[in-house]
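Here it is, the structure in full.
Think of it as A, B, C, D and E in the order they're written, each chain with its own count starting at 1.
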Amino acid sequence: MKKALDFATLLGLFVGTAAILGSIMTAGGLSGFINVPSFLIVIGGTIAAVLIQYPLNDVLKIVGVARQIIQHNSNDPTELIEMIVKFAEKARRDGLLALENHIKEIDDGFIKSGLQLAIDGTEPELLNDILDTEISNLEERHKKGHGIFDAFGTYAPAFGMIGTLIGLVFMLQSMEDPASIGPSMAVALVTTFYGAVMSNFVFLPIAGKLKERTKDEVQNREMIIAGILSIQSGDNPRLVRQKLMTFLPPNNRKNDEM
Amino acid sequence: MKKALDFATLLGLFVGTAAILGSIMTAGGLSGFINVPSFLIVIGGTIAAVLIQYPLNDVLKIVGVARQIIQHNSNDPTELIEMIVKFAEKARRDGLLALENHIKEIDDGFIKSGLQLAIDGTEPELLNDILDTEISNLEERHKKGHGIFDAFGTYAPAFGMIGTLIGLVFMLQSMEDPASIGPSMAVALVTTFYGAVMSNFVFLPIAGKLKERTKDEVQNREMIIAGILSIQSGDNPRLVRQKLMTFLPPNNRKNDEM
Amino acid sequence: MKKALDFATLLGLFVGTAAILGSIMTAGGLSGFINVPSFLIVIGGTIAAVLIQYPLNDVLKIVGVARQIIQHNSNDPTELIEMIVKFAEKARRDGLLALENHIKEIDDGFIKSGLQLAIDGTEPELLNDILDTEISNLEERHKKGHGIFDAFGTYAPAFGMIGTLIGLVFMLQSMEDPASIGPSMAVALVTTFYGAVMSNFVFLPIAGKLKERTKDEVQNREMIIAGILSIQSGDNPRLVRQKLMTFLPPNNRKNDEM
Amino acid sequence: MKKALDFATLLGLFVGTAAILGSIMTAGGLSGFINVPSFLIVIGGTIAAVLIQYPLNDVLKIVGVARQIIQHNSNDPTELIEMIVKFAEKARRDGLLALENHIKEIDDGFIKSGLQLAIDGTEPELLNDILDTEISNLEERHKKGHGIFDAFGTYAPAFGMIGTLIGLVFMLQSMEDPASIGPSMAVALVTTFYGAVMSNFVFLPIAGKLKERTKDEVQNREMIIAGILSIQSGDNPRLVRQKLMTFLPPNNRKNDEM
Amino acid sequence: MKKALDFATLLGLFVGTAAILGSIMTAGGLSGFINVPSFLIVIGGTIAAVLIQYPLNDVLKIVGVARQIIQHNSNDPTELIEMIVKFAEKARRDGLLALENHIKEIDDGFIKSGLQLAIDGTEPELLNDILDTEISNLEERHKKGHGIFDAFGTYAPAFGMIGTLIGLVFMLQSMEDPASIGPSMAVALVTTFYGAVMSNFVFLPIAGKLKERTKDEVQNREMIIAGILSIQSGDNPRLVRQKLMTFLPPNNRKNDEM
């Protein structure tokens, strides 16, 4: 497990900002797109709706989650396989109990507690059950986080539209001065613009990335369970590796026979 | 179990009202946004559709449900675990029957009847079945309540649009006076505004919060079942606690080994 | 089982009609909203699409179903429990065969055939299978009816829009007389209005109510199966009642211990 | 099995055409709604998208499927029951092998091969498995056909909108002559009209009908399996009929006891 | 397995391009529809959102996937059946081990490793498990690819709308020159046009085709598993063929008895 910058996200943020800002700058300048009240109603309304929908603790937690979008703990499945195979070799040579000394070096809590259970002599079915429950509880907790970003992505365009409606109502109420109609409507539309950009450029893609990350993490953990069960049953390290390889796409397998 | 104010909801209601009202006030004043007929058709039409869709009893019940949004019975899982572990210690020391005297002090009906079943010597499978049925009946009943709020959230913008259509038809029929076109259309749009605000600021977030609450309550009850089964099987109180801890996120666990 | 008026539906129809008509009348009168061609294209197109989608027999059946919306056979679960407990007492006192004489008095075909199967000595598993199949066939049949109302609710706004497009095309083709633009567009929008009202005030809420009714009926029938199986296994009438009580919400239970 | 005209579809096509054409004719004549380029972009774009999405063979097959919409092979479940009961009587009287001579007369391949398997002495579980696989393969194949019609129904309005956008762009580029604005926009909107009509009056209802047909056919085949298994187990013909009757709605059963 | 051009896709691309370009050319020429900034914001914004949502590696992989849309590895199920039956004959004649020499000639990795497992004497259940896991891992990996194309298809119209909003805001801010309003709005709408065409003509149909391909590949592989299990159990080659035939639609079966 190591901290890794997510270059795709950074690149995406850069490309998207360039596309949107560039298109605005070349067309005439940013000034018409900066509107504090528009921004306040979209961001305020969206946060308000999310606060009503989710407990305060969970909403505050997403600040931490958001940081993970740029910099995240990545578990490379190939490295995981190497580590598990190394443990399998040690267990084969010196017995399962010999792993006890190496557990402290592991910084992934899931492998740690799984190996500890194996060393303690837990029945394979029970070990599988306990770790499976751990995975499904993880999925449940992560789903709440995804739900909050999805909610932001859903409410942002709605409050963008609400802000535009407010602007339109004021514009329509005072149409004596035809010259002011256009600019008033421009201001009203900026709110829709804010809602659409926040939703499609920020909240929905982030919700999507978090879902992908959870899928990867769940698959890694399922591979870890398979590995620990294989070690526990005394499998040959070569067989342990072969079993874990089926979790990788064919191209990434060392002995790609499929 | 204790009554707790839901600060997130209150904060959300405050922030949202501030964002919407603030944006209207700074732009020119509230008067153009107060329109009784617009309000009547949105709220009337929405209530009508919900009444056609749901039995009267269920619709009336949501008044009580709505009150729970601000002030709700919260079961803190950590406190629940402490309570169950305390019972486990007592059962371990003085036998399962000794719990009989403590049952009266419990105000959560679910734990009460679960422990009673255990004391009565109900088979673990049957006990599990009965309490599981109780949980799934609870989910069914709650789902009806969520459905009513979802229906409010779906019909409100539809009747907002219907009201706007009515306003537009009248405006278009009498366009002799160009000066009245703008204000008439403003009035028509206010109805869409009402529908959008009711749906996105009130009904949909509340439906979402109720769904979250039900999920939490179901998870608490599943933890309670696991605890009672563990007590019944004579588990060591330390083991009971360890089993229940897997229901908490890693950070909240006392002996966080995962 | 007794015929009961569904007051919520009647109230909903009244409130909705009042809201829509009231809003139209106070704003200027109904005349601009009566447009036979608009009505014909929405209702004609919607019926046409539904006829293409569903067999003629099924479409004709919904006339009968529609009548059930106002006046329906209601099976009060509490009364059902009383009836089943009465049968349990009789069976306990005089034997299962003694129920034969009472079967004729039952007018619910499901209980009738279920009890007959029990009296005939059908194995509990087979009895459960037969009645379960009956329930899932009922659900399938009802789903078709819901589907038809859902289809009405989906096609009505689509044909409302198609009608509006027709009106707009004609209006745009002959814009020489500016005075006629407004009224022509008003007429065009009335078709959208018809589609939106039919869908959101009539078809979708009715589809929703039928789905709720089916859920209630299915739950009642599952309770009946539980009751008949309990009678067949010779359970104490007190236990029969207790088992059936778990199907009711806590507040409605006589001995509310949960 | 016999060929049957689907009157509902014909009636639907007639009613819908009457509603749409009637509404156009009475409002001013068809000429404004005939626009070859509009038609070409909607139908061309939709066919193009469907060709990209589905293999050529599957797209060509739907011409045959489309013919089935008007004239289809109908298997009346009541007639099916009569036929199966007749076979049950023959098998009861003269033994299962006696059915061999009657198999040639059956024109439904599914009953034919099912009875052949029974006569060949196939184990009931294997017979059930083989015929079940046959049903689920049929469902898979039909789903692809439904998917193609659904795709037509989804892409048609999209290309209607694309065509309208093309028209609007041209109109907006040359607004010097105000008199031409209306007619140009009318032409542009006709493309949206085409997409909406094709989707809601043709493709989506047909996709819906095909789904209903598949459901009916699957239910018939499940009834046939139940019948063959019942014949194979040597059931009394009266019992065979009773078992099959549970597949019919209560009103259609001969001895309606439920 | 052989490389095959996908004519439907090529035909679809040709028909669609002809429909869209033809409709633009006949209406007045392509010049108004070429707008580099519009193109940049749609394609830039869409790529940005997809990069934020998916890991860089996965996004880069779709270039390879896109090539498969025109030219793909096709496994004709009829040829697969012939090959498997040939193996069954050889195994029947010379024993399972005799297949070892022929394995090298197979270029499909899935059949290869499946047969190898059979020759190695793997238990049928384990063999089935391993190959099933391989299939579900394949489905998971393919789903990610479909998800990326779906994301492109979802974000493209959103950024089309965002670009149009930008254009509208600029247009509305400077409406002094009425003559420029039309052309400015035309330019704004071109962005919506780009988003709609990319989504409905390119990304969504491709996502759909990839899903169809995966379904076909999964079905082929399930047929292969059935074939290998049948060979392993020593089935008569005639029976092997008969079992595999049930995977084909009735018309394609050689001895079409159903």
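In this text, contacts are C-beta pairs under 8 Å (C-beta built on N, C-alpha and C of every residue); 3 or more make two chains touch, one makes a residue touch a chain.
Please read these numbers as outputs of a predicted model, since none were measured by experiment.
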**Complete:** Neighbour overlap between chain B and chain D returns C
**Item:** Chains touching both chain C and chain E
**Value:** D
**chain C onto chain D, rotation angle from CA fit, given as a multiple of 5 degrees** = 70
**Request:** Report the inter-chain centroid distance for chain D and chain E in whole angstrom, where each centroid is the mean of the CA atoms.
**Result:** 26
**Request:** Could you give the separation in Å between the centres of chain B and chain E, each centre being the mean of its C-alpha atoms?
**Result:** 42
**Prompt:** Mapping chain-to-chain touches, which pattern fits: line, ring, star, complete or other?
**Reply:** ring
**Asked** Considering the complex alone, what residue numbers of chain C touch chain B?
**Response** 6-9, 11-20, 22-24, 26-28, 32-33, 69, 179, 181-183, 185-186, 189-190, 192-193, 196-197, 199-201, 204-206, 208-209, 212, 219, 246-247, 249-250, 257-258
**Fill in**
Seen from chain C, its contact residues with chain D in the complex are 37, 40-41, 43-45, 47-56, 59, 109-110, 112-113, 116, 130, 133-134, 137, 140-141, 144, 151, 155, 158-159, 161-163, 165-176
